[in-house]
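Worksheet: one structure, shown below.
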Amino acid sequence: MMKKKLNGYLIAGCIITGIIVLWIIIGRFYTPYPPTKMSSAKLQAPSAAHLFGTDKFGRDIFSRVMQGSGTTLLIAALTILIGAGVGTVVGAVTGYFGGIVDEVLMRLNDALTAFPSILLALVIISILGPGKYNVIIALGIVFIPSYARMMRTAFAAQRDVNYIISARLMGASNLRILLIHMLPNTLHVLLPALTIGFNNAVLAEASMSFLGIGVTPPDVSMGYMLSEAQGMFRSAPWYALSVGGVIALLVFGVSLIGEGLQIMNKEVD
Amino acid sequence: MKYAARRILALFITMILVSFLAFAAFHIISGDPARAILGMNATEKQLELMRHELGLDKPFIVQYFNWLLGFFSGNLGISYSYRQPVASLIMPKLKVTLVMVLISFAIIVVFSLPLGLRAAQKSESRFDWIRTSINQLCMAVPAFFLSILVSYVFGIILKFFTPGDFPKMDKNLMGALRYLFFAAVCIAIPRIAMAVRMLKSTLIEEMEKDYVRTAISRGNDRVEVLKKHVLKNSLVPTITFLGQTMAEIVGGSIVVEQVFGIPGMGRFLVASISNRDYPVVEALVVILAFWVILSGTVADLINQKIDPRLKLGGRA
Amino acid sequence: MLEVRDLHVKFHNRDREAVAGVSFTLKDGEILGLVGESGSGKSVTAMSIAGLLPRKKCDYRGDVLVDGEDMLHANRALLRKVQGNKIGVVFQEPMSAMDPLMKVGKQVEEVLEIHTDLSPEERKKRALQALEDVELPDPEAVYNKYPHELSGGMLQRSMIAAAIVARPSLLLLDEPTTALDVTIQAQILELLKKLNRKHGMSMLFISHNLNVVRKLCKRVAVMQRGVIVEEGSTKNVFFHPQHPYTQHLIECIPARVKVIARKHAEEEAEEAGQAVTADSRQLPPAETGQAPSADPGQTGGERNG
Amino acid sequence: MADSILDTITTMTGLGADPVAEAVTEAQKQLVLEVNHVSGGYRTPGLFGKGKYQQVLYDVDFNIRHGEIMGLVGESGTGKSTLARMILGMLEPEEGSIVHYTKRPQIIFQDPYSSLNPAYMVEWSLEEPLRVFGKYDEAERKRRVRDMLAKVELPQEVLTARPSELSGGQRQRVSIAAALIRRPRFIIADEPVSALDVTIQAQILQLLRDLREELDLSYLFISHDLNVVYQLCDRVLVMKKGRIVEQGTVDEVYDHPKEEYTKQLLAAAQ
Amino acid sequence: GKGTAQNTGTAGTQAAADAAAGTEQASTERAKANEIVIGIAQDLDQSLDPHYAVAAGTKEVMFNVFEGLVKYDSKGDTVPAVASDVQISDDGLVYTFTLRDGVKFHNGDTVDLDDVIYSIQRCKDDPKVNPQTSTGLQCIESLEKDGDNKLVMTLSEPNTELMSLLTLAILPADYDKQDTAPVGTGPYKYVGRTAQESVELEKFADYWGTPGNIDKVTYKINEKVEGLVMGLESGALDLVSHLSSTQVAELNKDNFNIEQGTMNLVQALYLNNEAAPFDNELVRQALCYAVDRQGILDMAFDGYGFPIGSNVFPAFTKYFDESLVGYYEHDVKKAKELLTQAGYPDGFDMTITVPSNYQPHVDTAEVIAEQLKEVGINATLNRVEWESWKADTYAGRNFQSTVIGLTADPLTARSLLERFTTGQRVADEEGNRGNNFINYNNADYDALFEQAVKCYDDAEQVKIYKEMEKNLTEHAASVYIQDMADMVAVRKGLTGLTFYPLYVLDVSTLKWE
């Protein structure tokens, strides 16, 4: 009997992500310095007192990154929740029922996919205005089409499969079939897609903040800090490098998980 | 032939839908172009005059159809911000972006194909995880962060190009190409990583199919199998991916242009959005969307040539 | 022509040997049937013969001699010479065993391209000839079609055509008819018989259906869990099964078929002037046919894993 | 198109909601199914209008009596599964009618790999029909599942296994159990043994036979293997290109085939 | 004086210049060709017509292209330009201008009286002209030619600020392409622009006055200031103004002189006097005490900048009241007391709206938010786009507080102070609301303004304006912070940078050594 075997990527990914998430959670309750506390020790290089150095207001970058990554994590997680959630609903409905609903929604989907995602986010943000929650909504909307398309395929593939026909014959309601009979069988595509989506969300949030349409202080996200850091690349390179490093590490960890999940799926078939 | 006609019809329908969405979206945006043009001290009367001048006092649907008709006759409207025909404004920028995107695409193709092949071949080596991890890491770096690094290292320190001083294409083509090359690299790197990953898994998957065993049973070497059978079979997902890439690097160029100070379409788009310059934004968005859909359609048409089975299926 | 001696194959990720000491021989022009339950190691045996074992994923020992050459330990260069040329293989699922993007004709020709210096025109001629040999109605049309444009039966014929185009001396057939309709199944069997007669090709015919094997093979080997439990002339095995597993296998054949089979056998025997032993006339009725190995849930082949 | 199918299925499958004819004759009481001159096929949804119509069944007319096993043979693609779908209510006949005299039938499929939901343990799959039915509590459900498991001769351990961990034969037994758990009177078996090893085929056939006695079942048994049909069935329908070309008791048909086609089939099967 | 340049960069040495030879290449070539490239952070207005142009950034560039009858000098005084002389009657009602001889437009035509009358008339009547200008000009009753080089302007009432208004550009009469191909009389003529990329000017050879030194000036646009800094570093740009101290810190001091002037604006935390809790004067005062101006300067501006106490910037020496700067000393205790008095002992939540494209304002707001924590006020930043700031915050007055800098245009006390009167607060018959975007509502202030407008005695008027300033301070209309330092990075070798008390950059004085 083939048990789902953990693989190296999955373990390494979980460890890296786990450490960062733990660090972020700690950051909710404790940071070495208050993240917004300004001091006259400006733009100091990393030292024992300030592991990542300080920024132009003399704030401790380590503490700020600790908190900023929390915002980033929250945004990415909620974005995926919206994108994948709505995407799954749309995909389920279109994939399962087909027909005219499918035609219309998929055409709309095509049209939405035609906008490059950053552009779509840009447009939505200029309607909603910047800010943490608007970024989440904007990115969430941006992410819907790809999930919808993917889930549509996953649901449509099951539509005429025997166990679903049986479920219909036993009189299960459509909702029950969708949720209980079909959904669990889409997880093997959904889970890796979630990790990819998560990473895209982190990178997209960073790009948006960089373009000045992302989160607004006092919320700090890593993208915001990175755009701040760009202006000080010469006088405080540690700022950009530490923030960029943490983003890369977080994304790296999660994509290792995704890689691991995919390998696991393949092994089990 | 029928398939091609159907795809082109679909492209057309989607474009109409896209244009409507774009047009509607920018009319929902709360800002007032008249206000944007006239500034904060403008009086109601001034604003009204301006709105009339811009045709903003007509009903939405009328505005849309006027615009759509104009679009087909090559008249993309007049920019609010520059009082010039949009077409003449955006042409030079489109040229810059197009060149950058094409360079970037070329880099992606040139690097990812051999790397992907190699990754697939070496997938059973003990050091595969190193390769995979490096690959994942390349995907993890935000494109603009890469851009910042590249423009500092290659621009300021090594002086291979002068950041902020993009040479005019018609005057100094080589200089412009060199400048664009560095930006294109920044767009390309994460995409190369993705392409390698995709190629690797496609090739491995393909190598495990039954027909490979058949081919070997006929006396083919693994290399021959790869050349004669597997590559062609991997081509369809690869071309689909490249089509997506073609579409997505345009989106990626928006941010990279910003960092490198490249006067391309992306930067112009961002500026025009914040200036509420609807005609420009709408034209750019529709062109962008066209690019995206076209990439997909072309990829599909090529695939359909490669894989005769696709002729039957049409849309999945 | 083919000699397998004490073949052992064990996959790294499995606990049990897939093939645990199989020995048999196959003479020139003979058709040997290999039957057995699912997972009993039939395909692995065939793969070992054809040099198609995934060598990195398993341990193997023993000898597989094809015309005196050891296929099990042969290097790639030697294998390459033999594969397709001396040994042709036909697989179970024609749809997935053919390259979906290559025209059928090209796939039939491929063997010639690898093993001969024939000109393209010559190759095409040979390929068309092979397609005709397998009794495809319009070889020229089939030559230019893609696999998905053919029906299962036509595809399986094309597979056979590709396997015989280079006139190999040994044809390995791994359940070539299981996926097919009964009528088509019968046609394919007829075709194989004809090929055997016409070209004197030796064949190893794998199936899990003893009844199918009966129609084609003179000799049959029965496999269970990696070993051959019984071997002999088809008639003997069919009418006097010795091993319980074989008996069980026979019991599963409907009574009606057995009656007909007996009739055939008698006719044949009469022609040959000898009688079939009397005691086997009393066949148990199919209705009461129960598996001797009691646990019905478990005999259905091993559990995956 | 798909939604209309769904609608009909969901409205037609409720237990006890089946239209049972009020005044049935004595003869009809012996029937479980009446298929009256049914024709029909598939409509492919087109971009504009109704799309293409492909007729599969032509004037199919037969009935199945109480306690009977009816065989249905024919080559691949003649419309055997299509007929099954129509009887199950997943497809509307274009002409003719189908009358059920029992609860709606359940179905057993050919491919044991796709007939069980891979995401769940066997126990869940067996309980699900009862859960959907909604009239039994947890304990009763468990009891019935165990009961049924014993009937299909599977050990209790199977309950906690996932379908992927079972052999084909075991899976097919589980599918049968799932089809029977709500005690239908009529079962359609669409090539339930074609994908199985011969030895296991025999076991499953035996099981179907035993269950008929035990649970008072009638079958429509679809197969392209005439030998299997001979082993199991009382009567047989031979189908060719969507038409019933021959019907009668097994012995009648097998010993004195009237149609050329039947003769061919029989010859091939030997 | 405050308005002139102070060189804070290190003294240039030859050695340093040599070391940076690589980056210098492009700029050396430009020096040889007598050209410069200036970096600016935003593109010019859609219309280059100077009468319609509103953006400060546009005026900053087009200052070099246009002139009025008079123009500002580097002290902020008006000096004759297109007019060579002006006579004002004793009652201040009749102005007689003498047209300068041989002033040429960039298109080669000579300026005549018709052009002058056309220009003034247009500013007075055209509804699309900036209302501050057109309202000011309403006092002109008639414009008459006297001979062919004298213009007699009769007013309905005296207006001490008229001269400032008459800096309005003189344009060729009935030339209708001003918005895309502007033609003026300034030392530089407009050559062309590429949207969102660059604007080009060229020395005007027929200029009547001291001509410029540089032959060709190119403005390169980059919305990201970081991009401008990188452009300086890489040698692509020669001069960038309005840099922050952080950005200056990024530059290699061997290649640049950093000149410091003033931005000439009033940066403040503007409070919406109608939005709770800032409708309560005590709360506003508490905020004034809670905010530490010097702290802001130190924290966000490396100590550069000039603290202020009311709505006039220091460079405007005539009206600037030094004594108001210290009116509210930073005093947390007092702030808390006031808050308690106002009924907010535990502070409250507030939002500071800031235009995200102006980093200095964002920084200031961040520091303020941090400072307000000390008195228990929890301030959240709301970064908005510039367009939406203009529409929602400024025109829509839909905000609680905002950090922004207000400039004077024209350079008059009136333009700085009139905006807080009731007349500018409430809507007129047509539904227009004026510029009192903070909804300041004070009867005394209104009365003082009435007086000031009617007063024709300059000294008396200055006194009244100062009273108004004081009124704003006392009632804590807003939390006044500073006039920001204007840091200009100038490539070594380029000299002659002149600061004005206006938001302009005069390129005519620049030259390569």
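Note that the chains are named A, B, C, D and E in the order they appear, and that numbering of residues resets to 1 at the start of each chain.
Convention: a residue touches a chain if its C-beta (ideal position, glycine included) is under 8 Å from a C-beta of that chain, and two chains touch if they have at least 3 such contacts.
Treat the numbers as computed from the prediction; the structure is a model and nothing was measured.
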item: Identity of the chain that, by mean CA position, is farthest from subunit C; value: E
item: Result of counting contacting C-beta pairs for A-E and C-D, higher pair; value: C-D
item: Whole-Å gap separating subunit A and subunit E, where each centre is the average of the chain's CA atoms; value: 44
item: Between subunit E and subunit C, distance of the C-alpha-averaged centres to the nearest whole Å; value: 93
item: Euclidean distance of C-alpha centroids - subunit B vs subunit C, Å; value: 53
item: CA centroid of subunit A to CA centroid of subunit D, Å; value: 47
item: Residues of subunit B whose C-beta touches two or more other chains; value: 30-31, 258-259, 270, 274
item: Multi-chain contact residues (two or more partners), subunit E; value: 233, 357, 385, 388
item: Junction residues of subunit C, two or more chains touched; value: 303-305
item: Subunit D contact footprint on subunit A (complex, rising order); value: 1-2, 96-99, 159, 161-163, 165-174, 176, 181, 184-185, 187, 268-269
item: Of all residues in subunit D, those that touch subunit C in their complex; value: 75-76, 153-155, 158, 164-170, 173, 196-203, 206-207, 209, 224-228, 230-231, 254, 264-265, 267-270
item: Partner subunit E, residues of subunit B touching it in the complex; value: 30-32, 35-46, 49-50, 79-84, 89, 92-93, 151, 155-156, 159, 162-165, 258-259, 261, 263, 267-268, 270-271, 274-276
item: Partner subunit E, residues of subunit A touching it in the complex; value: 36-38, 40, 43, 56-58, 126, 129-131, 212-213, 216-218, 230-235
item: Touching residues on subunit B, where the partner in the complex is subunit C; value: 124, 209-211, 213-221, 224, 228-229, 232-233, 306-309, 312
